[in-house]
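Just dropping this structure here.
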Amino acid sequence: MLRVTVVGAAGYIGGELLRLLLGHPEAEVVGAVSSRFPGKRIDGVHPNLRSVTDLTFCSAEDAPESDAVFLALPHRVAMTQIEQWRSRAGVVLDLTGDFRLHDTEVFRRYYGEEHLAPKLLDDFVPGLPELYRERLRTADLISVPGCMATAAVLALHPLVAHDLIDPERGAQVDAKTGSSGSGATAGQANLHAERSGAMRVFAPTRHRHEAEIAQHLGLPAAMTATGVEAVRGAQTLCHATLRPGVGTKDVRRAFRECYAAEPFVRIVAHQRGIYRYPDPKILLGSNFCDVGFALDEDTRRLSAIGALDNLVKGGAGNAVQSLNVRMGLPETLGLTFPGLHPL
Amino acid sequence: MLRVTVVGAAGYIGGELLRLLLGHPEAEVVGAVSSRFPGKRIDGVHPNLRSVTDLTFCSAEDAPESDAVFLALPHRVAMTQIEQWRSRAGVVLDLTGDFRLHDTEVFRRYYGEEHLAPKLLDDFVPGLPELYRERLRTADLISVPGCMATAAVLALHPLVAHDLIDPERGAQVDAKTGSSGSGATAGQANLHAERSGAMRVFAPTRHRHEAEIAQHLGLPAAMTATGVEAVRGAQTLCHATLRPGVGTKDVRRAFRECYAAEPFVRIVAHQRGIYRYPDPKILLGSNFCDVGFALDEDTRRLSAIGALDNLVKGGAGNAVQSLNVRMGLPETLGLTFPGLHPL
Amino acid sequence: MLRVTVVGAAGYIGGELLRLLLGHPEAEVVGAVSSRFPGKRIDGVHPNLRSVTDLTFCSAEDAPESDAVFLALPHRVAMTQIEQWRSRAGVVLDLTGDFRLHDTEVFRRYYGEEHLAPKLLDDFVPGLPELYRERLRTADLISVPGCMATAAVLALHPLVAHDLIDPERGAQVDAKTGSSGSGATAGQANLHAERSGAMRVFAPTRHRHEAEIAQHLGLPAAMTATGVEAVRGAQTLCHATLRPGVGTKDVRRAFRECYAAEPFVRIVAHQRGIYRYPDPKILLGSNFCDVGFALDEDTRRLSAIGALDNLVKGGAGNAVQSLNVRMGLPETLGLTFPGLHPL
Amino acid sequence: MLRVTVVGAAGYIGGELLRLLLGHPEAEVVGAVSSRFPGKRIDGVHPNLRSVTDLTFCSAEDAPESDAVFLALPHRVAMTQIEQWRSRAGVVLDLTGDFRLHDTEVFRRYYGEEHLAPKLLDDFVPGLPELYRERLRTADLISVPGCMATAAVLALHPLVAHDLIDPERGAQVDAKTGSSGSGATAGQANLHAERSGAMRVFAPTRHRHEAEIAQHLGLPAAMTATGVEAVRGAQTLCHATLRPGVGTKDVRRAFRECYAAEPFVRIVAHQRGIYRYPDPKILLGSNFCDVGFALDEDTRRLSAIGALDNLVKGGAGNAVQSLNVRMGLPETLGLTFPGLHPL
């Protein structure tokens, strides 16, 4: 039984980690750290866990030693606490943005500040098993990518791996996301009356996930991020131009070769029906990332599409999957919820 | 041209008052008072008014004399400021709960505090033209009822006026409402991720509007209030028991006699179609209150139903309608927007 | 391993049955009957089951013998097919309305037609383990109650069992429900543009679940049903009057005595927080029915509240729970998904 | 007083036309043609018009002569009926796709069929006053553009008119839209339970509006269209690359020069606040198209953004505005509703 601790356990990502880990057959939650609610019952903050657990939050000081610790902290806090947590856990899985970008220059550009632990950057392995599985098997520091980055990277990866797209043109990523991505802290921007029914372009340029996409793919990438009416779910439309001579068959083969054996990436490519392309609507609660594509052969313009639940495959689920890989457990352990339809 | 001032102009009710008054052919907005945003442009807070007005908010001190002032303040604040405003305006229309209940004992029970201006209570006429039109023609102090109270009172009024229901049994009112009713101030309860898709019983007993219903109808009334997924809109299902011998025809006649000449109350009683009963969905932005009923003749159980836009007929629109009555203007002036379908 | 068949497997309840049974450790889905889609892949209709199953639908004729068969058919169809299915399965669990009402007179009143298999009515045990667990252990014919009936019955049952409410006054039930309850067949009433954001009173009187409530509780019950913006989820507010002398403590004790040991009924009674009362928002996908109450001690008016996912505890989950009881399996088997927050 | 007729008056665009024209001070609705509902009351189909009008639908044969006729028909039907209607009205405003594309080859590519009235194509003036105002003053045949095309064209037009973007790279348009755009006819794809909460890529390539964008701007344009949770509203993110040396100031000036005098195009360019970029949420019911842009000066990548109500400025409102221009009326007549906030 793995002893695991969640730090930042009162947030939305923290709550998903708790939900998944409490249901994980090989994990025991030994600590749920919250600086705001120490001593308070977990299910007072995460009402879906009522009758599932009697645990209470604890302070960081009271957190026990553990085999793995998950950091679901605000950005910037993780890099100030990283030394503290790695000394108390065999494996640290960071879900913040602090250790996602390996180039401190890029970090400065996107985060507007200096990195506080640059020496550790190269020790972090991205928590994205589809691209970094082998390195994850021995990683003690894991940095889970951003939700929209994960959706875009998984959608574009086969095209890059098979060298099918024009690298100069790069990728234009149009990302849509629900409101849970901005966290559990109330503010005017997330007031229901303001956020409900919105199509809010909240980051037309320089979203931090943009830099992650470029880093993982080695491809110039531009991303716009729009909040749409949803609590969970993210979808990325990734526009690129195919190299001359590349056709639908090549793209299909690339996707198949990359993902046929992946337990959590499904290729969605249907001729008919309502769910012909990846749609997060049917993925909520699940750890799947659905990917697909559409191609205008006349213009060689391709749109690769990724969809996921931003809190699961875009965060907590991806982290648990990475832990499974790291610990040599079956990769799908604790992650088999299939999603609901309709919802 | 009436010179009008809106106090508390940065809130949601304040914004609706501005929208309606800026489009009112006989009104000129001379003051938009906001304690938070003096000097700031109105359309910075109410983005729907961009290009509609260049006005800025002012502080209370800078508010000019006016023919009418609308108080869209937090509860309790209105009764502390009432003397100040009535000295500076011919007519004061209060949209808070402060002057809705005429019995200080009842006020204490529902608001949990003492009334600060009890002597004024009898001078206030309820801003509900359908019941108090004659008194409104000469009223200088007008208290606009609560949104759910308005919907319930208009749904039940014909039954009471025609003495059709068993007064001892009273009325059980089930109210549903959107999130805008709780105002423009962000808090955990109204965080989009929490409020979205909710069916939240936020006041199963002792909602303040319950006391208003009882007061206007002279009938024991119990109300439960549930927040459902919507920004605007409120609906009340008002359950009562008919007196022996009363049938559908009698109820229909009562509604018709009360409302046939009312410009803003529509009797919705259709045999078929999707919109057979009052539904706020088609009323958003409009000043209509739709009313209807269903009757189980075997059990004499009647459900009277009311629906409205909580910010319009349930607040700002009702206030403007009351002003029109008070000033001898055509009652529908500035209030003719019919609502959108679909929406 | 139990061999189970789902009839009407292409509908929403059918899809939920498949989701639950495919994940059930002691069940094997041997047949998924659909008259519309024989030969078609299940995941073509239920996209959440992609990569979960390769099964295809079959026709009724091709359905294999099985230990249990679930009928998720349109109303009226179940009673015409019941003999056929009970001859081919050890246990039949019917999720339609056909065998819910044991009094043919009541059936006629609520369904507007004659019952076609009245002799079987007494052989059906209601699939509501909280009230009928012992009888279910040996039942070969099980009739799963309606979703709103289940929520209302579970909310009111402790009050009736402990004789706390005035039976003459009966119960007034106000039910709210999402759109999935009306099934997977498209029609004008469920067109997104019409149904979205609605507060649609679709059955102010004589909803069929009303009769179920009265039957299970032995109490006069009146129910109104309103569709609100949601796909899944149902909530019932059940208004009743306490007998003289009964107080909060008595009610609390009644709930605790009835449900302390129930695995799927949670008593929600919190002094603070957003989720103080049962709200289906946190129950989607789960088999929980949350119950709670609020009491105005001055007037002895009590509102008991029930909430559930209409497709799970209000249908498919309740059926699987009943099957677990019948087969002597752990009652929670295959039903432990805790729900998502936020969603 | 203009005598106007709406053909296809029972659809969603037809309903918006009726709403706007019934409130238009210089128009009189003399005919509302519906092949499905002749003789039926208009407000039976458009419940927001209850008490606004007593009109009934008529058949095409019974439609009176009129000064202007609006065709809100299904695609393909307009071109079969065009001769009939132009002989009975001074001005024909077509809101279908039939006369939007002037090149029959392009029409064939996007509509998959032959045009049936190619000779008329050159006589149609696009009903987009911002680009074609002068020609509209004398046009007898007007073709109102598609909703997403209008949003994209108005967002990109200043950049093209001022020659600021690299024409070779063209524009990548990412369009989001509500469900009302697909009309009032029920089908599985628009079933509430399926459409609700969706992020559905329904046209990743070859959407018909794509061809309109290219035609109006003379620019290669690729468009993807995604249905998001909304009934009304459309938003286009239009990605392009600026020519070397072009900066924010130039873009800003281009927008200002094009739109400073436009009554229905607002430039939304705010440094802070929730509504910094165009969002249809605050435009529902209004005839505004909000436009804005964001620029990454390092990469010269520009995202121009357009937002509108697909049924108003994206359809019926644009048509009425075009009629106002054609008839020499004040352009804003009947179109001054400012939109609601919050909604």
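Chains here go by letter, A, B, C and D, matching the order in which they are written, and residues are numbered from 1 within each.
Just so it is clear, contacts are C-beta pairs under 8 Å (C-beta built on N, C-alpha and C of every residue); 3 or more make two chains touch, one makes a residue touch a chain.
Keep in mind that this is a model prediction, so the values were computed, not measured.
Summarising the inter-chain layout, the chain whose CA centre lies farthest from the centre of subunit A is B. Taking A-C and C-D together, the pair of chains sharing more C-beta contacts is A-C. Chain centres here are Cα means. That of subunit A falls 35 Å from that of subunit C. Averaged Cα coordinates give subunit C a centre that lies 45 Å from the centre of subunit D.
Under the contact definition stated at the top, the residues of subunit A that touch 2 or more other chains are 12, 180, 184, 188, 193-194, 196-197, 231, 274, 342-343. Those residues of subunit C lying in contact with subunit D across their complex are 12, 178-180, 184, 186-188, 190-197, 231. Of all residues in subunit D, those touching subunit A in their complex are 172, 174, 176, 188-189, 193-194, 196-201, 204-206, 220, 222, 224, 226, 228-230, 233, 235, 237, 239, 274, 276-281, 294-296, 299, 301, 303, 305, 307, 342-343. Taken together, the subunit C residues at the contact with subunit A in this complex read 12, 15, 19, 22-23, 44, 46-52, 180, 184, 231-232, 266, 268, 270, 273-275, 282-286, 288, 336-343.
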